[in-house]
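Here come two complexes built around subunit A, the first alongside subunit B, the second alongside subunit C.
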Partner chain A sequence: MALAIAFMLQLILGSVSIPFSQVVAILSGSNEVNLVWKNIIIESRLPGALAALLAGAGLSVSGLQMQTMFRNPVAGPYVLGISAGASLGVAILIMASAAIGFGGEIRLMSSWSIIMAAAAGAILIFFVNFIISFRLNDVVAILIIGLMIGGGISALIEILQSVTSNDALKQYVLWTFGSFRYTNLTQVAYMAVVVVAGSVFSFFLSKPLNLLLLGDTYATTSGLNVQRAKVLIVLCTSILAGSITAFCGPIGFVGLAVPHLARAIFKSADHRLLTPACALLGAIICCLCNVVSALPGTDFILPVNAITSLLGAPVVIWIILKQKKVASS
Partner chain B sequence: MNNVIVHSLRKWVYPTLAGVGGGFVITMLLLLAACNQPAPHQAETAKHCVKQASLPVKYAKGFTIDYYNGFKVVSVRDLKDTTKVIAQYVIMPKGKPAPVDFTNAIVIDTPAQRIVCISTNHAAGMVRLGLLDRIGGLTNVGLIYDSSINQAVADGKISNLGNSELNYEKLLGLNPSFVFSSGSFDGGDKMKMKLESLHIKTVLNLDYMEQDPLARAEWLKFTAAFFDKEYEADSIFKAIESNYLTLKEKAKAAAPQPTVFCNMPFKEIWYMPCGENYIAYLFADAGGNFLWKDVPATNGLNLSLDYEAVYNKAANADYWINTGLATSLDDIKKADKKNTLFKAYKQHNVYNCDLRRTKMGGIDFWESATINPDIVLADLIYILHPEILPEHQLYYYRKLN
Partner chain C sequence: MQLKAEKLSIGYGNDKVVFGNISLVAAEGDMVALLGVNGIGKSTLLRTMAGLQKSVSGHLFVNGIDLQSLSVTERAKLVSIVLTERIYIDNITVHSFIALGRAPYTSWLGQLSTDDEREIAQVITVMKIESLLPKMFNELSDGERQKVLIARALCQQTPLIILDEPTAFLDFRNKRAILSTLKQVCTELNKTVVLSTHDIETALEFCNKCWIMTEQREFCEVLSSNKYEAEVKKILNY
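Presenting the complex of A and B:
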């Protein structure tokens, strides 16, 4: 219900004030509507709303998996370096060719080429992670290697930024702000297939995740093939985070914060409950952040990445403080 | 008149005299004569410098050029409050003692032999003034359009001083008289500090801050002052001004005024010039109805608008002008499918200022439009009202296809 309201808010609220009756008429396919408004709703707000919903769900689920697998509360969907890999792909696409001295032209990148570049970068890092998770049994090592990969990639991107032109730099920086509405319905359809598949797959990983929560030894003695479970979790998270980053750019904080919210609200550690809970809460939060970032009623807009963090951080702090108080009293 | 004054008149005041009417000449002569007559009250001000003339500046608010006996003072002023001086330069022949009244001013020896430009439009101004041989170094040389500059770079007469990060060692090796900087616009504040520590003088050339197209072009006079080329600058500017005003007059009565919007969105953010922006003045003078003409500046002269807000206002606009990096209708479509919903796109009334462009992506518009507002205006009039200038050939702009 909350999700439905949050989703609808995205369609109703925006820079341009469109009466609710018109929104309903447009969505019901009526022909008696303002064409400009129809285009705004169908071509701009609807894909953005769907992308926010999918991204929120997918990132939160993968964040939950990472926190459980690494038994680390500050893990998130990006600890494996997926977003860094996607960034590298985009940075190479936008900046390397445009870097003065490489002789390439500065070009305006098409949305599909950016998606492909981000996906290629994410897939590259995914394979690195995949091999590492096969080789190493130690989650801490995987975590550290993920962070190191991220650091190394940031350095490469910095080098690219230092030699590129302002126009290319701006294109890249705006990509890193993340965005739900810079998608069209075709792209959202592709994104939906991957995210829904990844989330369903995650749900079936609930049992091994529950066991991992109790420690590798306990999980092994319970008959779980820990190594195989970890490889599957890495696979699942990489697909979710990689595809979302490819379509929407990096969306910070949601994947980290939502699992904490879900645990606090549902007071459970069972992944059969937490996985759908995270998906639901993440979707609601991203939908709301998308509404806020459009600053309804004004002509201006804020980067959605800033909003997810600005709204997310205080909420998590409040939840944790509230819980600690309950625990101590 | 003694020799000193005759000399100073010839050297400093001549351009001014040539540039204004005879009434001013007489006033000047009287003024000089008065200076020469020791008056009783002069004793107390004797040590101070007395301004003898100022270069007439008609449109630009950001600078003044004042002539004193044996030197001139160029002041860069705050556009919001022109009594506030941001930077001051005393320009005088090498070896003369610096005047005591301008302690905060940077002393520049004239004429400057070798300078460095950070911004390509300053280089274009130099070329226009016939000062190509005084440019010792440039940044981002890969993006230069002007063939004479490119030739000088190829011949090794102009050094490439790097791209985003200035190559300070190379710059030091050039030993330039000064560096033309655009201030904070190009990270110039940090650069200025660094250059100061290296004992290299910077001159703030803030032409881009002026939003009136003629005011921006008038900064040619500012550049010229450092090379004693005021006379040339004045006659070049007069021609620009007269062309511009004639064109503006022609477009004035044009009706109906087609609606115009501009720029490309970066994802869902659309940087749209506000009504006080340079380009908004050009659209207005070209007889266009720029849809954001009444929106004042908020945080800077570009509004960062939401895509849907732009679409809501400009969906049925007649012309889409300045599409940045997009070089074809297909580019615009690929960047975002929503872009094709605009009427201007559907009717192929999309124009970009990249007709004159090098293979490397150097676009002349960004280099020389500052000093050619009359040509930009003629292009825009031709686009919006072709019947007014039927013979005109587009110079900077082209229709995208």
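Presenting the complex of A and C:
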């Protein structure tokens, strides 16, 4: 219900406000509608709204899996540098193809090549994190290493930027702002396939994830093939986070904060409940962020990443404070 | 049920032997204390028994089955463990936590059958932890937490239960409470319990035998009774 309201708000509000009844008429395919409004809805707001919904669901599910697998409450696609990895993949793709004089426009390039580049970058960084987390598993250490990886990758991207053309650069920078509204319906369809498949697959991983809550040793002695389970989780979560980042740009903190909200609201640690709960909550929150970023009634559009980060950063601080309290009690 | 090993060497890889020449036998209803100074290899032996690491040479048999020949799932039906490591899980109820012990028997999604529910209820009664059920796992005291961890292991319905220093963080009263519950479980449910500890007096009181890993790298067995306390301490060089 809340999701339906949040979703509709995205369609109604924007630089031009469109009445609810008209939105319904346009969506139901009626002919007696304002054509300008119809264009706005179908070409811009609807794909954006759908992208927000899918990205929110996918990022939250992937964040949930990471937090369980690393047994670390601050794990998430953005914090662990997964988004940075995806950025690196996309940066290399955009700039390399610009350099060899192959299509400049990101929207003209094959959606799948962007997905692949982002997922490859994401998986690469995820594995780096995975290996490091074997050596030391400390909440703050992982957080710092994620930040360092993110920092290192930003530096690499800056180097790439300084040696490539202005057009490619501008396109890349726009991408990094994070936005749901530069997507079209075809891309949204691709996203839908990845997010739905990824979320369903995550749901199937509920039992391994529940056992991993206990830690590797208990999970193994409970009959779980831990190594295999982790490989599946890594694949699932990097494809989710990687492809969403590819389409919408880096969207910070949603994947980190939503699982905590879900656990607190539903008072549960069971992934059979948490996976759908995260998908739903994440979708609602991203839809609302999308509404806010459009600054209804004005001509400005804010980067979505800025809004999610504003909301998410306090959540991280809250988690760290809570952890310290538990540790000292 | 019988736990048996002959000329077992434990350690890492093919050549790094931590402790060799271990021969041991434990039967149904046996509660065994594993004693030895820090770093002698108690945890390594327990990990080997749990199938978490391979032995360097020799084999461990449960009911005549070589533990290493089993898959993880099959092994999970024979051996369960309780560790000292602190577990922190947000928002998990005591019941859900205990129910995780049913993992080797549940379907791919982990749905509990009526049989599973019955087994869980039975374990809760045996452990006398009904009053803890409404609580969250994170709210438990150290003693309560230990009981819940043992209950989880019992739900696995394994003939062998291994505990790594189950009394380490407990005060005197809780220590005795945990060990007497274990003793009762051991005899009533016909389990074999192996636990490591540094607490010789309590171990001798509740366990019916001790395995001692001496600094001279000998593995010896002593039948447990308070009159052996001096002897055990002497062997251990305490």
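Just so it is clear, the second predicted complex is superposed on the first by the 236 of 329 C-alpha atoms of A that agree within 3 Å, B and C clash if a C-alpha of one lies under 4 Å from a C-alpha of the other, contacts with A are read in each partner's own complex, and residues count from 1 in each chain.
Heads up, the rule we're going with is that a contact is a pair of C-beta atoms (placed from the backbone, for glycine too) under 8 Å apart; a residue touches a chain by one contact, two chains touch by 3 or more.
Computed from a prediction, not measured in an experiment: that's the story for all the values here.
Of the two partners subunit B and subunit C, more residues of subunit A are touched by B. Shared-chain residue A:300: touches subunit B; no touch with subunit C. By the touch criterion defined above, A:165 reaches subunit B but does not reach subunit C. In the superposed pair of complexes, A:263 makes contact with subunit C only, with no contact to subunit B. In the superposed model, A:45 makes contact with subunit B only, not with subunit C. Shared interface residues of subunit A (contacting subunit B in one complex, subunit C in the other): none. Subunit B contributes residues 140, 142-143, 163-165, 264, 266-269, 303-309, 311-312, 315-316, 324-327, 331, 334-338, 341, 359-361 to its touches with subunit A in the complex.
Touching subunit A in their complex are the following residues of subunit C: 50-52, 72-77, 79-81, 83, 85, 87-93, 96, 100-101, 103-104, 106, 108-110, 138, 156. The part of subunit A that touches subunit B in the complex is made up of residues 14-16, 35-37, 39-40, 43-45, 48, 98, 100-101, 103, 105-113, 162-167, 170-171, 174-175, 177, 179, 181-182, 184, 294-295, 298-301. The part of subunit A that touches subunit C in the complex is made up of residues 73, 204, 206-207, 210-211, 213-215, 217-218, 220-225, 260, 263-264, 266-270, 272, 326.
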